[in-house]
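Look for subunit A in each of the two complexes below; its partner is subunit B in the first and subunit C in the second.
What follows is the complex of A and B.
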């Protein structure tokens, strides 16, 4: 009952298009995005033009991937807590202070906050782009080919597979609560939610056991068969590395000028 | 005796917490037979199933599959010979695509390449799910997922197929489709169920497991028409059902 209409959280991240970016192998994209973000983080604060160019680079990638801008912006909501933190920094950091619009703001805090905002935004844009252009399954096999320990990749794979099942279970428990006249309202509903979370944890744990049993029954011996996909060519690596190469040039210039 | 696929001899089992689930079970399943294992909730049916493929080992007594003892040394061979389809397909299907999931069992047995592809294709064809090979299991309906779960086990070409409640949670059409698939398979089968009409439709012989022991072992029709017996073990035909005597010969 109810299990037939499942959500597809992992699948919803992908925005299917035919583009250079989509067709690059996952491991190339992973390396490109990670090294790009790493280079951005290394950039000295104060060289604001560099962050502008990084932003243009990633926007170029998004354009090349033909991703709809509105959906990309919507997904950036995940950055909100960092934005709030960045905005608070000028108010709580130590002096020297500067005055803007009658507010006393810490200069160091302003620089740090704005730096965090720039780096965070570029980082989030990169991961949103990666997630929107790469099917989850390819990401996992990409990780395997990058020699990430198989155990970690398998755990990630199970998470992707079962997150929908568990969200669905959570939804059914919620409906069952509501059917018995329960309304989630304020702090008083927290104990109930906490108990439901506990029950959900136990259920997920038990499901884990059953999945393991079912795997053992099919002769599982501690090794999952690898997901089969073609290996990235040199040309694909070259295409993928355009982004971090561009960022590397900007980084060198930024350090020269700092 | 040589054609017995499953031989359980005086199998007793107690869980580590002391709860004893099986009290000396004797059960023989011969090649080609389709047998229903009936019994009320808590009778020990699941415990019995977990003995068949060596997830659990008997505290006393023995289990043999196609003449081979179920023990820790033979585990790999046993798991290849016994195919268990669990009740909840979500417990069974965990790979990103249907194809990968059906390939999981055979590749654990060392099958690779073209032979693997062929095995997977055959198993999916047997359950009528060939065109769903590249779909993700979570995008399928419950009935389709159960069919794929059966395929994942058929792909291992087991000597005996063990099904836990194959008709549960299905709508009538899906229930019938699964029945047709199971009927079409030329394989020894042990089917755990509460669904008595289903047992009658698919299995010539049935056994009742009650309170950890086999209390009846007969032709399904004879067993289901023994009102006193089935009532005593908390089994009953659905409301309004009376078996047609013409089914007796089946």
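What follows is the complex of A and C.
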């Protein structure tokens, strides 16, 4: 679970460019990406050409967004655990078996593993593209406009806004620990880390109380003013839907041929 | 345990999505009671805490390390409903921002990591604190609650994999492997959760939701031995 996240979380995700993809409203991108990935998941295994075309589609979007390929690839590291899972499948699944390079591999396992690899990779590419082209603020207001409950979006907003503060707090505590001569010694250092986790909770909670009081003194009455931007136009929806539309055509063809 | 896209089939991904969405809707309503109008900032800060706590690495051995999942911890610290929202928001943002977990598997991931861990952890905690009293009782209950919540989540994960998993691995093999690994992870989770709860109990016992009404926190007037 999330081990690759770095500090300055909100700032580092967006790769700012001027492109069609960047300028599309967040809700359009959210719907486009979600329906695209959903269509990919629906595609029958065995129609490998379809996954190739999906891959080309999403690479075309990345190219249109002018995202640097190296940084996109770096962010795909997150998929390593399920790549391992997919690689294990042919070795540990039931027969019939086929032999490649002297290895006995399950045929069904090979198909399922490769399928997971294709679908998962396209999914990761889509999510990375979404996060790299959409500022956090827009993403949250996009969720509001897609009728995600306001309270949930507000909570997410507060989390995003304060996560760097809390992570920095954590880093200061780490420096404090180290300057007192702490070094990690397996399980014996757990009480120290746990006490830090406890202190961190108290600090986070007390900060929450202060933030709440500060909001009250500025006239907060339980509802945040909505910072909604211009509503997405029909043309923008049409542009955004090009991706899932393309995928839908491929999906129909893939089903026909399967 | 973040499932990627394509790990489960479309019906299960839609089904778990609908279940997670409705449970979260209930949780949002209930959280307002747990925190009243403080709900948004407090739950947001706690979500940020859970996110940060997941980054705290605990050295295990030979240079490897594990990290907290935080479901039971969040439930005991701020109550089951707010805790559920906090952990779920973390899972949702991990998918949206870091591609950690597929978009189509979001309902599945929220259900297993955000909802089941919190629910099972809180249930065990409440059950145990009926018998275990006092400060040490709460800490022991927290240990067992967190320990159990992790394999329970793994079993829930495997049961949905059995219904709609796209993998070809034998369900029983996956169950045995996932369960045994997660019992081990659960022991670590339990220890860390218990230690964290006991640290908060020392400094600000009033903040521990699960300890409310179970230990005395009010100021007391005591007789001085001198007078």
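Simple rule for what comes next: the second predicted complex is superposed on the first by the 244 of 258 C-alpha atoms of A that agree within 3 Å, B and C clash if a C-alpha of one lies under 4 Å from a C-alpha of the other, contacts with A are read in each partner's own complex, and residues count from 1 in each chain.
We adopt the following convention: a residue touches a chain if its C-beta (ideal position, glycine included) is under 8 Å from a C-beta of that chain, and two chains touch if they have at least 3 such contacts.
Being a predicted model, the structure only gives us computed values, none of them experimental.
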- Message: Applying the document's definition of touch, where does A:207 land relative to subunit B and subunit C: first, second, both, or neither?
- Response: both
- Touching A:94 in the superposition: subunit B (first), subunit C (second), both, neither? second
- Task: With both structures superposed, pick whichever of subunit B and subunit C touches the larger number of subunit A residues.
- Result: C
- Query: Between subunit B (first) and subunit C (second), which does A:118 come into contact with in this model arrangement: first, second, both, or neither?
  - Reply: second
- Which partner does A:217 contact after superposing on A: first (subunit B), second (subunit C), both, neither? first
- First (subunit B), second (subunit C), both or neither touched by A:166: second
- Return first, second, both or neither, reflecting whether A:197 touches subunit B, subunit C, both chains, or no partner chain. second
- Message: On the A-aligned overlay, A:158 touches which partner chain: subunit B = first, subunit C = second, or both, or neither?
- Response: both
- Item | Common ground on subunit A, meaning residues reached by subunit C in one complex and by subunit B in the other | 1, 3-4, 136, 157-158, 160-162, 165, 207, 211, 215, 221, 224
- Item | Residues of subunit A defined as touching subunit C within the complex | 1-5, 9, 13, 33-34, 37-38, 40-42, 45, 75-76, 78-79, 81-82, 85, 88-89, 92-94, 106, 108-109, 111-113, 115-116, 118-120, 122-124, 126-128, 130-131, 136, 139, 149, 151-152, 154-163, 165-167, 169-170, 184-187, 189-191, 193-202, 204-205, 207-209, 211-212, 215, 221-222, 224
- Task: Give every residue of subunit B touching subunit A within the complex, in rising order.
- Result: 50, 53, 55, 76, 79-80, 82-84, 86, 88, 90-92, 94-97, 100, 103-105, 107-109, 136, 138-139, 141-142, 152-153, 156, 169
- Residue set of subunit C touching subunit A in the complex reads 1-7, 9-10, 13, 24-25, 28, 31-32, 37-49, 51-56, 58-61, 67-69, 77-78, 85-86, 89-90, 92-100, 102-104, 113, 166-170, 173, 191-192, 195-200, 203-204, 207
- Message: So in the complex, the part of subunit A that touches subunit B is made up of which residues?
- Response: 1, 3-4, 6, 8, 11, 136-137, 140, 157-158, 160-162, 164-165, 207, 210-211, 213-221, 224-225, 227
